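Next up: the structures, one after another.
In the two assemblies presented below, subunit A is common to both, partnered first by subunit B and then by subunit C.
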Partner chain A sequence: MVEARIPHSLQEALILMSQATYTIVNGATDLLVQKRSWSGTIPKFSQPPLYIRGLKELDYICERSGMLEIGATTSLETILHHPKTPKILQHIILTMASPAIRHQATLSGNIQNASPAGDSLVGLYLLDASIVLHNRHHERVISIQDFIVDVRKTMREADELITKVVLPIDKFSQCAYTKVGPRKTDAIAKVAFGGLIDIENDRIRDIRIAFGAVYKTVLRSRKIEESLMGKDRSAVPEMKHVLLEGYASLIQPIDDQRSNRWYRKTTALNLLEAFLDSISR
Partner chain B sequence: MKFQPDIGTPIPRVDAKEKISGAAAYINDIDMPGMLYAKTLRSKMAHGKIIKRHYPTLPEGYAIIDYRHIPGTNIVKAIYEDWQIFPVDEVRYIGEPILLVVGENKDVIIDILEAIEITYEEMEPQFEWIDSVIHYHYEKKHGSRPFADANRIIEHTYETGYQEQAYIEPQGMIGYLDQDKMTLIGSIQCPYYVKNAVLMALGWENERVRVIQAHVGGAFGGKEEYPSLIACQLAMAVIQVNKPVKLIFEREEDIIASTKRHPAQIAMKAAIDSEGHIMALKVHVGIDAGAVIGLSGVVLSRAMIAATGAYTIENLDVTGDVYRTHSVPTGAFRGFGAPQMMFAIEMFMEHIARNLGKEPLAYRMAYVAKQYDLTATSGTFRDPILMQKMIEEAMKRSRYEEKALQYQNLHRYQGIGMSFFLHGCGFTGSGEATTIKAKVRLRREASGVVHILIAAVDMGQGVRTAMRKLVAHMLEVPIDQVIYDLPDTDCVPDSGPTVASRTMMIVGGLVARAAQRLGMEPQIAVEIEETYHQPSEIQWDEARMQGDAYPAYSWGVNVVEVAVDPVTGEVSVVGAWSVYDVGKAIDTLMVRGQADGGLAQGIAYGYLEVMRHHQGKIQQRNLTDYIIPTAADMPPMETYLFDNPYAYGPYGAKGVGELTLVGGAPAIAKAIEMAIKRQITKIPVTPEMIMELMTHGED
Partner chain C sequence: MAKIEWMLNGTPISSDIDLSMRLLDYLRDHQHLKGPKEGCGEGECGACAVLIDHQIANSCLVPMANVAGHEVVTIEGFAKTKRYQIIAQAFIDCGAVQCGFCTPGMIIATESLLHHQPQPTISEIKVALSGNLCRCTGYNMIIEAITLAAKRGRGEW
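Our next item is the complex of A and B:
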């Protein structure tokens, strides 16, 4: 018999977590689906669930020291409507689940789930988001890329809680995002592509490219991105072939009940090509 | 006579309030004192011999129900009787129910299920379509003989996949003993199918089984024959435990184990003369029944009879086979073989024209059936056919010609497709007269209140509203003076199952006749009965599949416009227009409701709904992976109705429910063909298939 707990403060949550190992339940929009059981029976948790969605002190989104800070229990819908939310993240949230789910689901939940098809993760990788974790005694900050290590595996320790996500304020001149799902809404991505670019006087100051659902985590290659930094936008077409080959060698999608490897890879590269074409245009 | 608006003028649904407010009791809302729960143990093997069953010692109040508890016949009564209630020593598909565990506490039931060990000896499963259990053949005029003189022969094979009914409410039923009467309340389409199945399984006399319909949250054919299986199992359990027992499927269980639309492979061959005319068609329809044949033979015959769709072709040779495999049983689903066939014939007519270098629309138009033409089975289209006008209307409303011209010539990944189709109303062949023999009753009380006594089920299509409206309109009384309770076999006669687009035309026709007699009856408190008689001009030879397969046909035209994303292969449906001849709409708004839902389901069958099995195991097992369209996937749909009253339908009404589904898939497939300039022979046309065709396909 496991005992569910509903802490009333962050402090209480962290104390509980220092004493026992809990399954953190935030918006529960994914977790309760994973734990579904015969209707009328209680979902089976191997560890006691700790319900944090009601923690008001983590329900905020604000600008601080030139960064955007998003508390762990802030709903996706709230994030969507905040004026400082980066455009790419707005685009992504609009493709996530359904309005009802977006009112309940959270960004930190999507992060902790660490699904290869996690929609928000593409945006967070592109933005170099930082994840802030607390345990009873200390706080640490870790980049999203280092935080997610594998399919559904993160660096979070058992006594740690994601308390906030920190994003830079948008500085990109152009952003692109495509989620390829089996239908227009309420769907899990077969492939996702995101691109950010900052161009000044036709020169690429910053470029970032990420793919979702084609690798065990979101795929982003700083090495390939660097090869484009400082280049004139007119140089992109001649580099296109090498860039496509570069990503083609990294993309490793799977065959499953939702799509197939060939389609995922072909589509991912098509999306990249369309993005590269849009730069030189 | 009082002023009465036209029968078709929309009225609010009689059950809208109770359904919207949540007051309507669906099966899972019903609880009874002392009620127990049942859960099914299912085969994990596609084909295997049961060597040993190890059952744990059961706590007090818990029971395991298996084949040993069947007092009557271990067969679910259906058309082809090969559906075992519980297997004895061989399992034939993954998900086959082996036994029920019954008890009070669900967690304990799960523990018992986990403690049960079934030892199998694995047997070779068969997934190829080689074991033909039913084979049919018919010819029209010279059959395939014209092929010998053909100038050219064109052939293509068309494939369609599974489709899941995806009703919102999964399968479910409650059984209990009322005195010594077995009583079943369920989410069902056909109360008397369930009753007759339970009677045979129990071997009891007629009066001792009673079936009551609960509110039904969607069915689409999925609750036609399948609930009979659950009812038989539940009845065994009720006898053993002598308490009410509730059995409700979980969604994944429902998807894995319940019937779906038959996958089909349809080989079409045309003999073409020197002018490019079709001399004859040779058609072979193969359908996958899965491990149980059940009513697959009737599905096959409906498909075969629809071999020429909405066209008239002079000579035909049509064969078909029902194949048995070790996969989940397929069964009834809105359209019942017609959606598969309509896809094949509609694409084939288009492909013949293209192969001959002719303009497809003009080529197809020349073959559209006309009144007094012979049907595929050499019956006669006796009633007027309005297709020429309906096609013109559809083209005008959708601006078809202008768009088609533009999209054909430009490479902009846009397309528009138009399908022509018909649907035979009522049971195939002489089923209505020989098997169903529908009976209806109207009873007027001294207070003037009229009861409609029929077994038709409202599963969301609105039949309770439509029937009450019909009777109220005919008797010129307010609708609240007409009562139509949820059917209960102890109270209503067997008016037949709620299937085959028959409810308004056949059952409604009888109700209207009874109402007419009631209207003339001087005595107030009186009961009127009507029984179905086949119109004498309708003749059907079952063995040779010759004659009038249906008393009447509904007709339709669908136009679907799409945009394909060349980067991802994704399809957006940007427009949909429909024109239907359903005789006469008893309520135009309800017909539109059917039309929107049917078209969405039909279009989605063509491009969205993917379901496959791997070694007998269904891969898309929930509504996250099995994709049905949302409102965001469908454009606004425009529907136009043409009146064409049918003599024996009430106010001229014919069938509606299935018609609106059967044309969606070919319409969208044609639109996608136009957009990507590639030939499509298989549905669903997924982005994966589109990408493959665009990369490697032929023009």
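Our next item is the complex of A and C:
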């Protein structure tokens, strides 16, 4: 019988994963809630757990070749306080859970969880992050948009580990993130909105807009963003109506215990409108 | 079952244990340390908080595998320190304890904050307490107590 294991190196983890299927357990802040039972009983996993949180090799955040690299076992709290962490990601992490959870939880766990309401994902889509995966024999680099395919579905194969996340260093002059939830902390988003903008001499050099919890994955439309590139900020008010309509046709929220379609869509568009208004101001 | 080496309240321990057992269950049922309490069991209330390497963590969401090689301090271990005395006295003086269920977690959250930020602002205190629920005090007294502890304990952290 295959047993729960704590690998002592990345290589050992990858060898184990090539020999049997494991449930990767990192900070466990999603998994222990999902596997929760009566107190005093041992959480049960359908596949033996592989506990990777102690892998020091993957516990780092550093700048390399002009990019920020974040190892898979680095805690959210460490990422929050790193001076090179993009502002948008800092804003987002501050809305995630609480310090006690953030000391344990990881970015790779949030990514592989692939929840439409996963907060970090909005930031990773906005920043065009890449996900690096390893199995015993090779490495794959996949953009976050391609990596997340559906609700709780990613491109990860059973023998692959997310080893790091790669982000560009921040270059945006303005960023916005709003998470609407029932409580400021420890709450899952009903709707989330994120925007990044780089303006030089009143001209929009780059603009990126993303929504969380209103579609099966994070929603971002490059086509709509491109219609704004190179425009003078004063042109935004007259484009607003078309932009709002464009996103309204893409946003497809669901009804669930946290919120309903109407509220999610209305709020998402209100947040977008406020962001667009802030550009022309 | 597997063997892990770790530290609990200053003592090195070698435990032969189910790696998936929750730290909270291990502390309460195997070590009879009843300071950490089970409020929600899913990371939302902070009643089960302990320090892992000086940082607050919810022991209901920590599998034993994840404490291997780390130092865990519960309220029972922290109670032996001078810093605890300062924090506890400030909580008493400010009326920050009523039923007391949240108090071990609140004191752990205070230590975790002051260890990294000995002179916190009110908003830093609020962030530090954001994962700890209290049904009784309304939080103001707890925030006052932490401000007072930071003032009285200058140089201790």
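Simple rule for what comes next: the second predicted complex is superposed on the first by the 279 of 281 C-alpha atoms of A that agree within 3 Å, B and C clash if a C-alpha of one lies under 4 Å from a C-alpha of the other, contacts with A are read in each partner's own complex, and residues count from 1 in each chain.
Simple rule for what comes next: contacts are C-beta pairs under 8 Å (C-beta built on N, C-alpha and C of every residue); 3 or more make two chains touch, one makes a residue touch a chain.
As the structure is a prediction and not an experimental result, all values here were calculated from the model.
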Touching partner for A:266 - first (subunit B), second (subunit C), both, neither: first
Touching partner for A:184 - first (subunit B), second (subunit C), both, neither: both
Partner chain in contact with A:89 - subunit B first, subunit C second, else both or neither: neither
First (subunit B), second (subunit C), both or neither touched by A:99: second
Which superposed partner A:127 touches (first subunit B, second subunit C, both, neither): neither
Which superposed partner A:40 touches (first subunit B, second subunit C, both, neither): both
First (subunit B), second (subunit C), both or neither touched by A:165: neither
Touched partner set for A:204, first subunit B, second subunit C, both or neither: neither
Common ground on subunit A, meaning residues reached by subunit C in one complex and by subunit B in the other: 33, 39-40, 184-186
Contacting residues of subunit A [partner subunit C, same complex]: 3-6, 25, 27-29, 32-33, 36, 39-40, 42-45, 49, 51, 53-54, 77, 94, 97-101, 103-104, 184-186
In the complex with subunit A, residue positions of subunit C that touch it: 2, 4, 18-22, 24-25, 29, 38, 41-44, 46, 49, 52, 55-58, 60-63, 65-66, 68-69, 109, 112, 127-128, 130-132
Contact set on subunit A toward subunit B in their complex: 33, 38-41, 178, 180, 182-188, 190-191, 257-260, 262-263, 266-267, 270-271, 273-274
Residues on subunit B engaged by subunit A in the complex (per definition of touch): 28, 37, 39, 106-107, 110, 248, 250, 567-570, 572, 608, 610, 619-621, 624-625, 627, 629-630, 632-633, 687-688, 691-692, 695
